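Structures follow.
What follows is chain A paired twice: with chain B in the first complex and chain C in the second.
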Partner chain A sequence: MSSDATSLPDGTEFRPSPHARRGGLKAGDARFGVMLLLPALLAFGLIVLSPFIQALAMSFYKYTISTPEPVFVGLKNYGKLLSDPTVRASFVTTAIYVFFTTSFSITLGLAWAIILNEPFKGRTAIRGLSLIPWIMPATVSAFIYGWIFNSRYGLLNAIGKELGLIEYPVAWLADPTGAMVAVVMTKVWLSIPLFMSFFLAGLQSMDREQIEAARVDGAGNWHVLKDHIFPHLRPVFLVVVVLGMIGNLQQFDSIYAMTGGGPVRATSVLSVEVYRRAFEQWDIGMAATVGVLWVATILPPAYFYLRQLMKGAE
Partner chain B sequence: MKHLKTGLVSAIAALAVTAGAVQAETVEFMNWVSAEETGKEKMTAMADSFKEATGNEVDLQGYAWGDMNKNYVLRARSKTLPNVGQSQGRLLPIIAGIPEMQDFNEIFGKDKLAEMFPASFLAAGEIDGKQLGLPWIGGTIGWVANQEVLDAAGITEMPETVEEFKAALIQVRDNVPNSVPLGLATKNHNSIVLDYITWLWTFGGDVMVDGKPAVNSPEAVAALSFLTDAVSERLAAPEIDRPDARRLFAQGATAFYLDAPLARTFARKFSGRDMEIDPAVKPIKAPVLNAGDDPVSVSWGHLIVAFGDEAPAADSPAMQWVMHLLSNEQLVGYAVNQSVLPTTNAALESEEVKADTYLTEWAAATVAPRRNTIASMEKGAEVSAVIGEEFQAAILGQKTAEEAANDMQSRLEGVLAE
Partner chain C sequence: MTELSIQGLYKRYGAVEVLTDINLNVRSGEFTVFVGPSGCGKSTLLRMVCGLDEVSAGTLAIDGEIVNDVPPSKRGIAMVFQTYALYPHMTVAENMGYALKLAGEDKGLIAERVRRAAEILKIESYLDRKPRQLSGGQRQRVAIGRAIVREPKIFLFDEPLSNLDAALRVDMRMEFARLKERLGTTMIYVTHDQVEAMTLADKIVVMSEGRIEQVGSPLDLYRAPENRFVAGFIGSPKMNFMPVTGQGDGRLQVPGGTIDIPAEIDASRVVEVGIRPEHMQIGLADENTLRGNVMTAEHLGSDTFAYVEIEGLERPVMVRLDGEHTIQTGDPVDVGFATRSVHLFDSDGLALRRQKVSNAA
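Coming up: the complex of A and B.
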């Protein structure tokens, strides 16, 4: 048998065409797939991977406004940050922020989706209007909420005074709890439309007869929710929780516009900490170090999310 | 032959026109004045008159005041620095490390500058023997009072001591509904630092003594206690930044606050009453702890800076623009419009400046200003952040004044030891 001949299972030999692609059709498909992926890979490499590698490298350097060239310091920045109580506090603040924004966004997004899944007059218009907070730039929303909570001209104080609940205006954003509540409320308001859309899509794929049958059998609202809606929406929950956590871990603009991370450091989440280190304290090396630690906190939910996606694809 | 001559003349004329067009350059001027309502019109007029005089255009690149240094640093790293820029005197040390910053001594000569500006103004732009900034407008940061608010509160005499000052604040609180008697900066670290050091100096303390932090000295604790009490007694409010204080002052809700002489221009704009409010805006001497003490004020001024790979020629379009800004025709009108002092000897001697009683009253109220040393420290931003955070912790009641002062001290020792 010549070297380029191939045997079929019945023992007959055949010689492939000299024009046939190396590796056969499968390899051709794979090469085509890589070609399709190439633009996205290039964009990812240029826009995401390259800056991240640069930031990772910068985290091993001292680079401040007074050092014209970066000075290699090894792991010193990491040691300094991990022993800094303000950075540890930023991790706690971030955890609180992510927990409350994610849970409230999911709960209210689901509730709103259930309402909008019911047939009633004007439902389509309300569904459309519900998307407004999502369309609006986060900074604009932050200013709207900033005015609602403003100590002097704010709506909240005006209502409180009108109802006789407060004697003097309260500086909500100057109070650590008030400031955290305000930034969480703003983010929840921004996130509800997106989460609602996910849940609504999930609910629309549900068999309504199943719920009607449960109701005939005497199931109340809670049982319908627990035994039928929740199990049906389980895959949606997985995606929404992980995406919500990633989005909230990355949040910067609305928090910085409303409180700048204050009062004191009450709303100084990791994104604000990176900004402060880079553009207020002009310490690019430390800012890169906080950024790397911040990415490390985003990686586990991102990995979990991707794993679920891959599982779904299989 | 005639055609040849005509052709040659036309060609030379065309070349001359083209050469003229090539020579017309655009000077990039990065500044915050053209980004603010109070100065935008004036700045555009100055750029227009420059074009008329020289044929060169000015690209006014306006950024918010708070974003200026960040943009300088980012543009230095991306090699896109403008030809000329504006800087705050106290923030100059932050950008002084940019290698492209030019020394005006090399461009115009030290003697010419010494002849043009008073030494005190020139010193504001000098770092390590290099004239990195040319003074543009100057003055001090001092106290300003709203006479209409004082009248409404029944205050007939300006307070002179800290005790009288507090009594006046209480009188305003009790007689002017919805007022914030003292426009104390309580929100933004950079603004807080200015108010904090002014009060610290008033009580006889200082941030650094003999090169070491001294923010938990008895004087410093007394100053912080005074401010903490002011907030808890509703004489000042949390969540106030300098722009908020300016608006409250202009709207008749605040009696006293700290600002540059620009205060009058802000009051005109934010009150909507233009010059009608002028008689109400009164520069006053800082309250003193004990009668006979020197009232404190802080040096303040805007500078012009230049960038380039090498020193530009004195007659380059960029330097022509610098001199245009500092010419009497432009500077006097601009300074009076902004309610500040011009910085050149010639402009200071002008009739228009001398006739402005507000400016002369301001100068009389703020003699012997001191330099804000925090801003020029290498770790000034970190020091400001520590002071701002501990100050906020005290006024919000999270810590007592003494605890906050002690924490401020230990944190500053840590920051400065690194």
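Coming up: the complex of A and C.
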């Protein structure tokens, strides 16, 4: 320690404080850091990484109810799948589902956030109530919507008949378009609270005087929205779009509970496709292959999201 | 010509009355400062002139037209906000030209007006930057520039210097004075800092608790405050106040001594007297003298502030002396002052006026 000491010409000595930090992590610090991460790493390895590697391996095997042991087939499953029109249809269905759920959730979530950001009586209560769809299990919501769209005693048919829009009850879920509308609506309803929260947080961090300055400058509602609120919410949009896409690509429970992927394959998104191949047709190898392709679809937005997140953390 | 006329103006939020019966006229080209402690309603009044807050009762006229229900952008005003409220995602030039762009003005005209305003404020070199790349003082200039570009009839400034550090504030204060000369436009300026008010204003409006206490030129307010509040608020350091404990022979008794008062004043009505620190002296027995002990002295170089403890007074009396004055803590002293520099207040806190306004130096 005395080697670091400095002194003035008059002989006054200064030694470094014993509490001074030395540069970099000490050996003990690094070990401690690893120990902190260990539980999460273990959980990740057991629950995420190892099943994924097993599934990846399984995608190179033929393993159905008629094969007692998995048979290695190389890339054959992939070749079969890529030429399978039902899988291509499943990708299209997924794309439609993700596009509509994400865009409607964002539009309505933003609109709702803007409304809830305005001062009015009972605002706090409504903000609280708005979170209900988010709190409820998705399957419960799916059943609620199942009732709404039910052909015999559904709310939608009742209202439609009351208003004179339809003459006879419509079997919404039995119609490919109707079923898609139903699953999309359910998911949008589920997502609005989360997206609304994101946007509301963004709106609340906005400088009130900036809007007032814009008003004084002559901006009407549209210009306030376009020139000030949207640019301010841009980073939020980025996160919400990516998170929304990832979430919607993964969606399974609400769709399966409502339509089971039907009618026929109309709402059979990738997640439902994997489930059907695995547990209805007992074609584990093919299910794993669809699963791997599905992960490959999610990776780009996920990567993009993580990169943005890391950038923000720096 | 009257640019702004406010008559019987009230502002209420539910049962709470924030502004009470405000009457005020501002002449064309006048630099008017609303000053008062925080919560006195000065910012609310400015926001009502701007059109950001609604008028509860009364009329507000700009350039002869009642504008109670006219939106801010159509009132011919421009406002500089306390936080500057620059648009963070627009460049300096876009910030300044925004109002003209919304008004559908020609691009060439916008560029020309922005360039001219930038020249006045010496911000030409960073027209392409974003607000976050600017320092506090530069942002302030951009905010002013944004107002200038609109060529308003009235400029409104809401505590524009409060976010700047002390040195910059003095610079910008001079800048405002220069701007006032150069533009000659009517300006209304809100501040809680009476030094800003004194240095900038043609006309000061002193406010307290939602009411106008007094309107006048800086020196009028300093020399002849109409009430105790204005007397205490205008002037730095603050005026010393002393209660009157008795009277006789045309003299008032106060803690530590007696004070002569002019014959025309009814001594029985005076309950409190006020004397500014700069009108008091130590050691020199003038017309009036108070006895006390020096509690502490602050030597600022240019001035010496002596705090003299006087028996019967809660707060020490402050005496402003020149910087050469050396004074010892604990010394018994005589504090002297002239009768003409004494302010007299009645039980309602209103100033009792001499027949001729004093010329207290």
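Note that in this section the second predicted complex is superposed on the first by the 282 of 314 C-alpha atoms of A that agree within 3 Å, B and C clash if a C-alpha of one lies under 4 Å from a C-alpha of the other, contacts with A are read in each partner's own complex, and residues count from 1 in each chain.
FYI, a residue touches a chain if its C-beta (ideal position, glycine included) is under 8 Å from a C-beta of that chain, and two chains touch if they have at least 3 such contacts.
Treat the numbers as computed from the prediction; the structure is a model and nothing was measured.
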Superposed partners chain B and chain C on chain A - clash or fit: fit
Touched partner set for A:Arg127, first chain B, second chain C, both or neither: neither
Contacts of A:Lys62 with chain B and chain C, given as first, second, both or neither: neither
Partner chain in contact with A:Trp282 - chain B first, chain C second, else both or neither: first
Which superposed partner A:Pro263 touches (first chain B, second chain C, both, neither): first
First (chain B), second (chain C), both or neither touched by A:Gly218: second
Partner chain in contact with A:Leu173 - chain B first, chain C second, else both or neither: first
Partner contacting more residues of chain A (chain B vs chain C): B
Minimum C-alpha spacing, chains overlaid - chain B and chain C, in Å: 52
Residue ranges of chain C in contact with chain A within the complex: 50-52, 71-74, 77-79, 81-83, 85-90, 98-99, 102-103, 146, 150
Chain B to chain A touching residues, read off their complex: 70, 73, 94-95, 97, 99, 180, 186-189, 234, 237-239, 248, 378-379, 381-382, 385, 389, 392-393, 396, 398
For the chain A and chain B complex, residues of the former touching the latter: 65-66, 68, 150-152, 168, 171, 173-176, 260, 262-265, 276, 279-282
List of chain A residues in touch with chain C within their complex: 207, 209-210, 212-219, 223, 227-228, 231-232, 234
